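Two complexes come next, and they have one chain in common, chain A, joined by chain B in the first and chain C in the second.
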Partner chain A sequence: MSLRLVRIDDRLIHGQVVAGWLRALGAQRIVIVDDAAARDEFLREVLSLAAPSGVPVEVLDVAGGAARCIDLATSQEPVIVLARSPRTVLALRQAGVPIEVVDLGGLGAGPGRRRLHRTISVSSDELAELRELEQLGTRVEIRIVADDRPIALRSVDPAR
Partner chain B sequence: MRTFRIVIAGHGTLPAALLSTTELICGPVADAAAVALEPTESPDHYAESLRDAIGHDGRRVLVLCDLLGGTPFNVASAIARRSPRVVCVSGASLAIAVEAALADGDLDDALVERLLEVGRSGIVETERHRARRAS
Partner chain C sequence: MFRKSAGLGVGLVLVFTLAALIPGPVLGAGSGAPADTGKIAVSAWQAGLIALGYYLANSPWLFGLAFFTLYRPLVAGFFVGLILGDPAQGTLIGAAINVPYLGFISAGGTLPADASFAGWVGTTVALAGHLDPTKAIPIAFGLGLLGTIIFYARMSLDSIFAHWADARAEKADIGGVALMNWLPGQAFLFVASVVPVFLFALNGPSYVQDALDRLPLWTVNGLIIAGGILPALGIALNMRFIFRGSAIPYFFIGFIVWTATRGSLSLVVIAALGLALAYLHLTFVRPVVTATSEPDRELQSASAATSTAGSTAGSGAGSPAGSGAGSGVRVTRGDLLRSWALWTFFAHANYNYERLQGTGFAHAMTPIIKRLYTTPDEIRAALKRHLVFFNTEPNFGNIVHGTVIAMEEQRANGAPIDDDAINSVKSGLMGPLAGIGDTLSQSTITPILLALGIGIAGGTASGSAVPTLAGATGNPLGAIIYMILVSVVIVAIGYTAWMQGYARGRTFVTDILRSGTIDRVLVGAGVLGNMVLGALAAKFVVVNLAPTITISGAQLNIQAAVLDPLFPGALALGLVVLTWWLLRRVNPLVLLAIFLVGSILAAYPFFGPGQSNASDYSYQACTSSLLHPYSPCGAPPAPSAQP
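Then we have the complex of A and B:
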């Protein structure tokens, strides 16, 4: 078994996630893997306030998150795993977390960032990390809301 | 007289529409602002706009948010957790906005409870509502 969906979104929990993705996946649990948030009690609390009642939010660092995700991948429980950056997801993958699909859900624009599609922009490092994920057998797709048709990274990758 | 400021925080055109519709029902709403989150706006940028609307004069502010877990709510509740003069309510509706606009006095616990109750009791389905009214 592998995790059905890991979403990369620099906002972590927000409207598209709570109103769309939780329902689409039938998920009753949110796992956030983020070193900075895991260290910050205030941020952890704000993140847990963002989820609907009855949906627990776990905020873990990469090491703890990898162990938890490996656990969740073998269970049948539908969860949504959120990370802020491709680097975190690559670290999970390298730590042995089986991930079928990585969803690029939100990566903001900024200096030195190239726009791939609508609200998805990447730095050259992030693009390299996403390509590495694909080499490790994880599909990388852009899908901002659950109703979107997934767009393969390959089809928007400027190098191809 | 209402002593606190009202800020409506939400996605797209909803905040401005909720404020203008509230004014349609209760007339001009003084000391109120609508802060829209645009589709490409970053949470940090939105936080700045929201802080500006909340103001820096130390007065109490009620922030009405459209969606639990949405960015406007997340940003507002982070501000509210750090600043006791700010109260953040999610699930804003016209009923709640009107109640807040017409409130008299301070933004105290009793008013916050009343706003939540007005919001909850305004959610009905006609048949179930009718059955309950008849019994």
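Then we have the complex of A and C:
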């Protein structure tokens, strides 16, 4: 099981990921699962060049990403998986990707979104999707950078 | 993280406060008071200036450069020294305090510790209290954790002001949005900064001095030991970024050069050597391959090239005056410069959890909106469009702003560019460019220049194989050189990214990423950084074993008689590498706690009556504690002061 980190972050790759998580986990590969990014060649190239050299970045749609993640989960290579929304991770989970923990790393605020913790806000749909993930046996944790102590979704979920 | 770190900070400060309140004899403090007692005098105006300095370090008023200059303990130490009348010693203390923060990075609204609080207040406490820099290191570190409270209060409160900006946008009030980005946030920050720092600066030195006088001497020794060990944490945190692959040997070269020359080479010389080696490394060891030569990237590049001409492209179609779109409105060079300046100043003026740099982005766009749009509806829409969540690295990431300005210009002239197109450029690019930008500015350029500045500031030619800060003389040039270098580099990156982003948009992004320039800079900087960091480890990390062994009747210190002759500084080097290794498995804050507690326990005279004593520099009678302050016990004492 080498999906070291499955992270939900609406900015996908950025400083916290590249300078923080990547180093902290010693990950060798980043897999981005995002339908929109997978369709956009320009974005795909930017994302693939945004990681330090020697760390390949794969940008895949949900279907391709699920197959790839199932494959990678059995390999020894330490991998970071990034998705823009809870929906994507739920789709991965439902497609059979073994995800023990999903990390809420960044979900920006906006109209109709409720703040859970610092830079983490969710819409009611996203919250429902996260709860569904928990029902499927995936722990949902807020952990913005690797040095943070994880906060369980349960402890900030407004419904409980 | 926040609760934990602030809690640790509060705890440390509480311990000191309690110790200051308890009458001396209770804790059995020695009559042989520590050597470094002296007159403590911070006048009200001095405390006021220091408080102002701390505010400026967190404010936008220095062309956005405060985070790279006044925020750093090295620079803070220099200015506190100026204010208190001893810039050389202030710089030395600031340099020492800065070492544990070499791996400091703040990304996306996270802050591991407030390095500026540690720098401004820590230097004040140490300088006014005549503490030696080693003792100042752990005290300042505790203060740095405490300082995060101000940051997190501001990050929470400033979210409210973002809504005030929303209300102004609704009225199409351009100036109002700009005002809301800086006035309320900065007013709060000014009060939240100046009041606590003023009180700390005024009273802190005597509190800490009283506490140190009342603590049992072995705990004070423990503090000094911690001051020798904490730099290993900062260096190891930074090593997470650059101690990799073929650059690793240069760290050891740097370390050995420093110990072999007994610190008589200036860090400038070691850095020059590092630059030469970086050139050789890039030429012979690791020639940078440009991205296009890798097969899977080649594929993507080819398809990207075709899409550059697509409808949502942000390329600004050459020079602003060119491309004859008839009588359309154009962004002038003055608008571009004004917009860039506003961003550079105010990107983080109202930094908050809800939008991060969102209001800063809108503020920066005000000259552009004024130029391009005339009707209230257009203005309102444009302001709201740019008030949303946004965050990138505010220098390299300026490519986004340049690109967006070009898109706004095309839109104002009738091009079919909708909100979605602009939003997708912002949200698509801000992350990846922040990743590259943070790697460049925060985890490469700043720490390497800081390491250089700290090395210069720490003075040269201590003359002793045993590193000690107790008698060293600081060099303010270290702080000044650092400030100039970092400012020039950061402004150059920000300006280029902004202007090229406007002129060439997405083409510039792919060009610069494919060219391998950034990779070349990072690899070269990695070599130089490892050299300087290695030298710095040799200079600041101090481990002195106390135990002795008896060989043919003579009682010999294990470290001084056995280890150091074989490999000078082997223990310090081992500690740094061990810390780096541990950081992959242990949270830095846990490691910090272990180091602090371990240092103090290691100073306790477990096995005998021997008094490990801060004022006892003679080392004739070795104590049976595990670690010793200042130098290995039994070794010749370090020069305690220079005439």
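In this text, the second predicted complex is superposed on the first by the 157 of 160 C-alpha atoms of A that agree within 3 Å, B and C clash if a C-alpha of one lies under 4 Å from a C-alpha of the other, contacts with A are read in each partner's own complex, and residues count from 1 in each chain.
By definition in this document, a contact is a pair of C-beta atoms (placed from the backbone, for glycine too) under 8 Å apart; a residue touches a chain by one contact, two chains touch by 3 or more.
This structure is a prediction, so every number in the text was calculated from the model and none was measured.
Once both complexes are superposed on chain A, the partners chain B and chain C clash. After overlaying the two complexes on the shared chain, residue contacts for A:L49 are found with chain B and with chain C alike.
Applying the stated contact rule after C-alpha superposition, one finds that A:D148 touches chain C and leaves chain B untouched.
When the two structures are aligned on the shared chain, A:S123 is found in touch with neither chain B nor chain C.
By the document's definition of touching, both partners, chain B and chain C, reach A:I13. Applying the stated contact rule after C-alpha superposition, one finds that A:Q28 touches neither chain B nor chain C. Looking at the superposition, the partner that touches the larger set of chain A residues, chain B or chain C, turns out to be C. In this superposition on chain A, the options for chain C are 489-497, 579-587, 597-605 or 633-641, and chain B clashes with just 489-497. When the two complexes are superposed on chain A, the residues of chain A that touch both chain B and chain C are 11, 13-15, 17-19, 42, 45-47, 49-52, 108-109, 119. For chain C in complex with chain A, the touching residues are 1, 4, 105, 107-110, 112, 155, 159, 240-241, 245, 288, 291, 296-297, 300-301, 303-304, 306-308, 353-356, 388-389, 391-393, 424, 427-439, 442-443, 506, 509-510, 513-514, 519, 522, 583-584, 587-589. In the complex of the two chains, the chain B residues touching chain A come out as 11, 39-40, 42-43, 67-71, 73-74, 77-78, 81-82. Interface residues of chain A facing chain B in the complex, by the touch rule stated above, are 11, 13-15, 17-19, 42, 45-47, 49-52, 108-109, 119. Within the complex formed with chain C, the chain A residues making contact are 9-20, 23-24, 26, 36-37, 40-54, 56, 106, 108-110, 115, 118-119, 121, 144-145, 147-149.
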